[in-house]
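Next up is a structure, given as structure tokens.
Residue numbering begins at 1 within each chain, and the chains themselves are lettered A, B, C and D in the order written.
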Amino acid sequence: MSTQTDNTSNTPSNAPSPKKGATGWVILAFFVIGFGFSLLGGWVGFPNMLYKEVPHPIDFNHALHMDLVFDGCNSCHYFRADGSFSGAPTLNECRDCHQFVMGTDPNEEKFVEEYVLQDKEVPWNIFAKQPDNVYFSHAPHVKGAGMDCAACHGDIGTSESLRPYQENRITGYSRDIWGWEMSRLGEPKYAPRMKMMDCVNCHVEQTDSKGSCFQCHK
Amino acid sequence: MEKLPSHTKARHFGMVIDLDKCTGCASCMVACYSENNVSFRDEESIKLLSINWIQVYKITNGKPFPDTEVCYLPQPCMQCDGKDFGHPPCVSVCPAVATDFDTPTGIVSQIPVRCFGCRYCMAACPYHARKFNWWDPVWPADMERYLSPDVSPRMRGVIEKCTFCYHRFQRARQQAYYKGDAENIKEADYQTACTQACPSGAITFGDMDNPDHAVYTLKKSRYAFRLLERLGTQPSVYYLSTRKWVHRACDNYLEHEEPAAFAGKSA
Amino acid sequence: MKIDRRCFLSLAGGLAVGHLLTPIPWKITDDIAIWTQNWPWTPVPETGPVTWKNTVCTLCAGGCGIKVRTIRDRAIKIEGRTDHPVNKGSLCPLGYASLQYLYGPSRVKTPMRRTGERGSGQFEAISWDEAISEVSGKLDALRKNGRAHTLACISGSDKGTVPVLFKRFLDAYGSPNFIRTPSGRDAHEIAAYLAQGHKDKNIGFDLENATFILSFGCGLLDGSGAPGYQFNAYSRFDKGRTLVQVEPRLSNTAARAKKWLPAKPGTEGALALGVAHVIVKNGLYDADFINGYAFGFEDWTDEGGNIHMGFKSLVNEYTPQKVSAITGLDANAIESLARDFARAEKPVAVCGYNECKPSANIDKTLAVHALNALVGNINQAGGMIVFADPEYAVSEVRKDRIATEGTAKPRADMAGTDRYPQSRYLLDLLPEVLMGANENNLPVQALMVTGANPVYTTENSETARAAFAKIPFIVSFSSFMDETAKLADIILPDHHFLEGYRDVPAPDGVGKAVTSLSAPVVKPQYDTRNTGDVIIDIARSLGGTIGESFPWKDYDTFLKQAFKEHYRDLSRNGYVIHAEKPLPWDRAFATENGKYAFYPTRRHAAGTDDKSRLPAYRELDIPGDKANGTLALIPYKSPRIAAGAVANPPFMTKTIDANVLKKEMLFIQINPETARGLNLRQGDTAVIRTPAGEARVRVNLFDGVMPGIVAMPAGLGHTAFSKFIADKGVNVNALLKPSADPAYGLNAAWGVRASLQKA
Amino acid sequence: MTTSAFPEGVKRCSSGKFILWLLPAFLVLLIAAYAMFRVWFYGLNQTNMNDAYGFAIWIWADLAVIALGGGAFFSGFLAYLVGVKKVKNIINFAVVLGVVCYTSALILLGLDVGQPLRGWFIFWHANIHSMLTEVAFCLTIYLGVLIVEFIPVILENPKIQKIRFFHHLSHNMHEIMAVFAATGVFLSFFHQGSLGGVPGVLYGRPFAFREGLFIWPWTFFLFTWSAAAVGPLFTATMCRLTEFITQKKLVKDDVYELLAKISGWMLLTYIIAKSLDTIYWATVTAPARGFAFMDFYSNNPAYYGVWILIAEIVICGFLPALILITQKGRENKKLLFGAAILAIIGLCINRWVMVLQVLAAPLKPFQEEWFVYSPAWTEVITTIMPIAYGIVLISIAYRYLPLFPQEKELNP
């Protein structure tokens, strides 16, 4: 096909050729080493670099509180009259009970001393925190579709200690959003994953439609 | 056109603006900025760089003093139904599905975080209703404190536009869900910020398919028309005016043609 | 085993192929995109429980009820309060944008003391204690020097508890110089005194119930006066209700009126008399009112037996033809206007309050009042309403000798002196007085400014700025760094209206005896204090009878006391209506004979003949000579430009059309015909010259402006506030010049002569 | 033993002279790089675009450059699929030119988006209804094809040929080039067409909108047709320019004449179709929306009025087409290349009109004034950049690669 037929005769003949086979194996070995190294780095090292562990301000004991309140999760995470959802309680709400240290738990002591007495809101880590552009309303899910809290939040309500919280260094998102499994395969470690596709899949399953953009974005 | 979610009732929201009532005061514009976290700069007089979700134009009949007349024309995004109900000019051109036709409401969405700023939609929209964020928004002093959490602030390099205050629909729907009757959203429960803001009551908003809503009747008025209607964009915003010159100023007519409301009548 | 270049190439290949099978490239690409969607410099508004709080907007005197959407301690959005009697939900753009003032860059965040040259804008932050002791120290020294009467206070209003506290302070201190900024109220107050015998009462117009509004230049829909009230009244204009606008320019109001009558400016009074002529001639007037409750309609004889001309004889000469010649309007149009007006169910004629430049033309105002009287529409629904403000339950002020002597001295602005005995405040005259005095005799040695920005709003503002700059000690109580605050020695910043309590009196021109309460919506954002508290503190630290005159713990206590039993309603509803119905005709008038005086016997007029007392039409000359200024400059009000003490917030400036303001250049409007004569085209740059000054402007051709008129938007050309409004356009006040009515001293000019030349 | 870096049997200038020749081009590239940095770092406020001109000079340059780069696909089509042997003498050059054009287009597109870091959304979140999506996919894939076509040409550099692997690679690639050429033709047909669809589907813009022919707007075909017609002319003209600069005959005249003949007939048929399209649009499409034909040509602040249409169709359309289809016109090289340049200008005008005039024309009757726009320096320099970049790449390719099989023969 080449238009420059004379070039073929110009082929260099002094290419190195002794022990061709062995060198081939060595080359292949190097390839495999590189390949394996990449896989190892990408699947094991990379997640640890991408995410940083963020300590919880207080190691909150959900199980303990569940025993003390009357209305389960709703006692502290409740709907407001306009249908909006309160999310994590504010200091004022906690203060209803924790004006002073009541028990012996060092976490409670820390909470009272560092936050209640100093009138400072607790910077809770929110596992399921969605970015600002996402519109999510609890009302249609809880009141409309009758989902229970654990369906999305896992068994956090019965935990005695908070599970680890990791933050994506680039995006600032909680690791729960992508899911703890880098491959996004298999059962999620703590709670259902919450990337957009996860929402979409459930919506398609439940409502026959992924919905239009504005249903979930603002 | 997206498939309707199985649990949703279809509505078709629209607006009727009475041009014989509009005073051109711009309350709608300011209420809209405030409602929707619209950014601003110290230089806003170059209107083609200025972000407005609703813009009030001043148009005149072109006659000399003292026969001059002025009409003010508030123009939000027309929320076109487009061809075959669901293909507004801007939606089908967006390469990344950053804008779609919201079938349950008839509202054209715009998702700034999906948008990567190609501006094809801007070229497609004959109304100049789509605005580009040429700059990163900056709220000076402590002005970030007044930002509403209902509407996400945009970043530079993306398109934004009027959403018929969709977040207010979400608010109404959320409350309806909470009260246990998800479809029970009354006319007053969902009104856009500009509608509420109009101090002279020129704007009416509601479900155009619902006979109980005022827009249902108003849009059927003989004097109702739509902006650049002949392009076939099927806007959801109607205008009312009894003045023929206003009709003529709002769509293109060949010399011998007459606006529909005045066809067959002498001027 | 040989390791060569190719091994490393292979290693690299392995790494490359391998990493494509890891999350690294894909996840990073995705995460970087997500990062762009959540740029750290793009704010994320905090969510929380939403509450709506009712209060009243006080950025202008319109007194609109508003509700504020708040989340935690953040005010998010302002909307009109639909259950407020003044505006019933309607609100102007300034009201919607007022959060930009709350959190904006022009706020004065702490008390300030001037450090640089006066007007340089260089200040240092000081503590409240330091600021108050400095002010009271200066005032104390002035008083001890026997010059207590040289303290003046310029206030944007003379109604409401804070102005009352200032008046009280001056009384106790010993100065007569409480000065309200000029407003449309001035002429109405005088007309109400002359025709109805009322002093210090409000004249309002019930626009909501009127079926025919004949507006003599009122910017009802241009954002002047009480915008919320006026817009709301208009919003009820459906079939059968009419608005007729008399104005030389096709304003927003004129554009929405059923009929626009472009009478020559300054001839509105003649038109009113022409309308009266037709009404009288055809017997269309309210005979019941004229016969039973009016005086001076017919010719009358005084105690000395002299026969005087009545209103009827006066209007006899104002035939439509004559009025047509004066006003430039069609005679038939005048005739039919009069008939329509008189035959309407509830006609009302309005003027003054809502004009951009309220020309204090007493004749015109009396003529317009007379029109309302003719159709018997005084103190009737849909008519002209007279009502008093609520009386505050406040003890007598205590005065020592200095105070008694000081308050008896003549005022610095000459109001109430022999020259202008029937005027109350004449701020327009003050700059000339100050300019004419030398440093030692300066009649104002110390100035307090509250709710006003006279350096910007006073006509001939450059002279005013120079005059005020001569005053040795200026204290500003402004929340914002306005032009006057920038000139001050000490700034004692008031709260933004969303941060503190304040009573809001019935807005001028609104036909309702309603007082509202502005209540805090958020905590004070900065180290500011309610001006009421500050004046009490200053009085206290001055001590003596001054301190004794201010016995209240703080302003809020005073407010509660002042309103007594009304306070509960006030704080619960946010407003209180203290007089449901206006007085009936038999008790309505406080003249000697208890009747409405078509012939104002009390009028302090230039002449003594009947015609100089009666509201005859007198041609008004405006400042400037005709030879150089062939055009007349008039300011116009745009609803998108705040033209009062407060400048435009950024949102409002964003709404201004590009043919009104482009970059730093303002556009004047002229008729294309005028432009042809001057060889000007659309967008040209030109220089406008008036007796007060000159400015570079651009030209916008608009058919809706009367030929010969140059219309300039008011409210631009600020030099203070923030970069969002400063140095944009021209301050029209810098080009205008007041012209004193010979008998009242009020500014009676409707414009100023001007020339326009291509630049 | 040393191997010359130059193709065998040809003469090249000294390195010093070569570098001096490239210097101005590098300077332009440097300034363009700075402009690109500003645009990417500070955003599109560095341009003069505005809300009326969301598309501006960059999009025009994109459309024009891709159309002109169409020479690569159409020559490939002729050479590999139709089997016009003569065309093979210029095909390598056409491929290099194509690479220049297409990479430039992609760089400009990358500049033109507000959020370049999210640019890949066009692939990942693709809206299949959007013409731009189609353009992006075809463009990217076709650029890949072009590079694949370019690789064997690179591999033919004597130094590279020394390496056995590359030698065989180049040989094998030549074998399957027909497959790639076919793919390229297919893709090009689509993306040239989609680019035509970009304005053609804008039914809110009556100046651009073209009603459907079957399922496509006419512009789909018109754009493909015009690119196929003018692309080879551009290749020929650039080749001629290279001859002029190198002062060597590189391609035999019969190659030019053949290309000119094919292009001439293509151009003629295109311009007839374009005229029919314009007539239909002016008499049916626009009036149905209330527009008279002259509404789009009068009142224009640039004062070119209807002349732009006459220039595009008559002066830069029919005239060159008629020259090129005549034997005499082709034999006179001045006429041939004069006609080619006219045709190229005509194509650029067409793309300009379909992008910028579309946005300039006011639609709302109360907005009488046309929207005016003048590009910022950042836009101008980056639009010029492809020329500088083309000079560099073509110079290097010419210097080191055997682009012209006939060169040795013509320059013994």
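By definition in this document, a contact is a pair of C-beta atoms (placed from the backbone, for glycine too) under 8 Å apart; a residue touches a chain by one contact, two chains touch by 3 or more.
A quick note: this is a predicted structure, and the numbers were derived from the prediction, not measured.
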Pick the pair with more C-beta contacts: B-C or A-B?
-> B-C
By C-alpha centres, the chain nearest the middle of everything shown is B
Geometric centre distance via CA averages, subunit C-subunit B, whole Å | 33
Centre-to-centre distance between subunit B and subunit A (centres being mean Cα positions), rounded to whole Å | 38
Per the centroid of Cα atoms for each chain, what is the distance between subunit C and subunit D, given in Å?
-> 63
Report, in whole Å, the distance between the mean C-alpha point of subunit A and the mean C-alpha point of subunit C.
-> 57
Touching two or more other chains - residue numbers and ranges from subunit D | 115, 118, 121
What residues in subunit B touch two or more of the other chains?
-> 46, 97-98, 113-114, 136, 149, 153, 155
Name the residues of subunit A that each touch 2 or more other chains.
-> 82, 84, 131-133
The answer for subunit D against subunit C in the complex is residues 115, 117-118, 120-121
The answer for subunit C against subunit D in the complex is residues 29, 32-33, 35-37
In the complex, go through subunit B and note every residue touching subunit C.
-> 21, 23-27, 29-31, 33-35, 37, 40, 42-47, 50, 52, 56, 58, 60, 62-66, 68-72, 113, 136-137, 139-149, 153-155, 193, 196-197, 199-201
Which subunit D residues qualify as touching subunit B in the complex?
-> 43-45, 49-55, 112-116, 118-119, 121-122, 125-127, 129-133, 136, 198, 201-206, 287-292, 295, 358-359, 363-367, 371
Contact residues on subunit C for subunit B in the complex?
-> 36-37, 39, 41-48, 69, 71, 74-80, 87, 89-93, 96-97, 99-100, 102-105, 107, 221, 223, 227-228, 231-232, 234-237, 250, 252-253, 255-256, 260, 262, 525, 639-640, 650-658, 661-663, 671-673, 702-707, 722-724
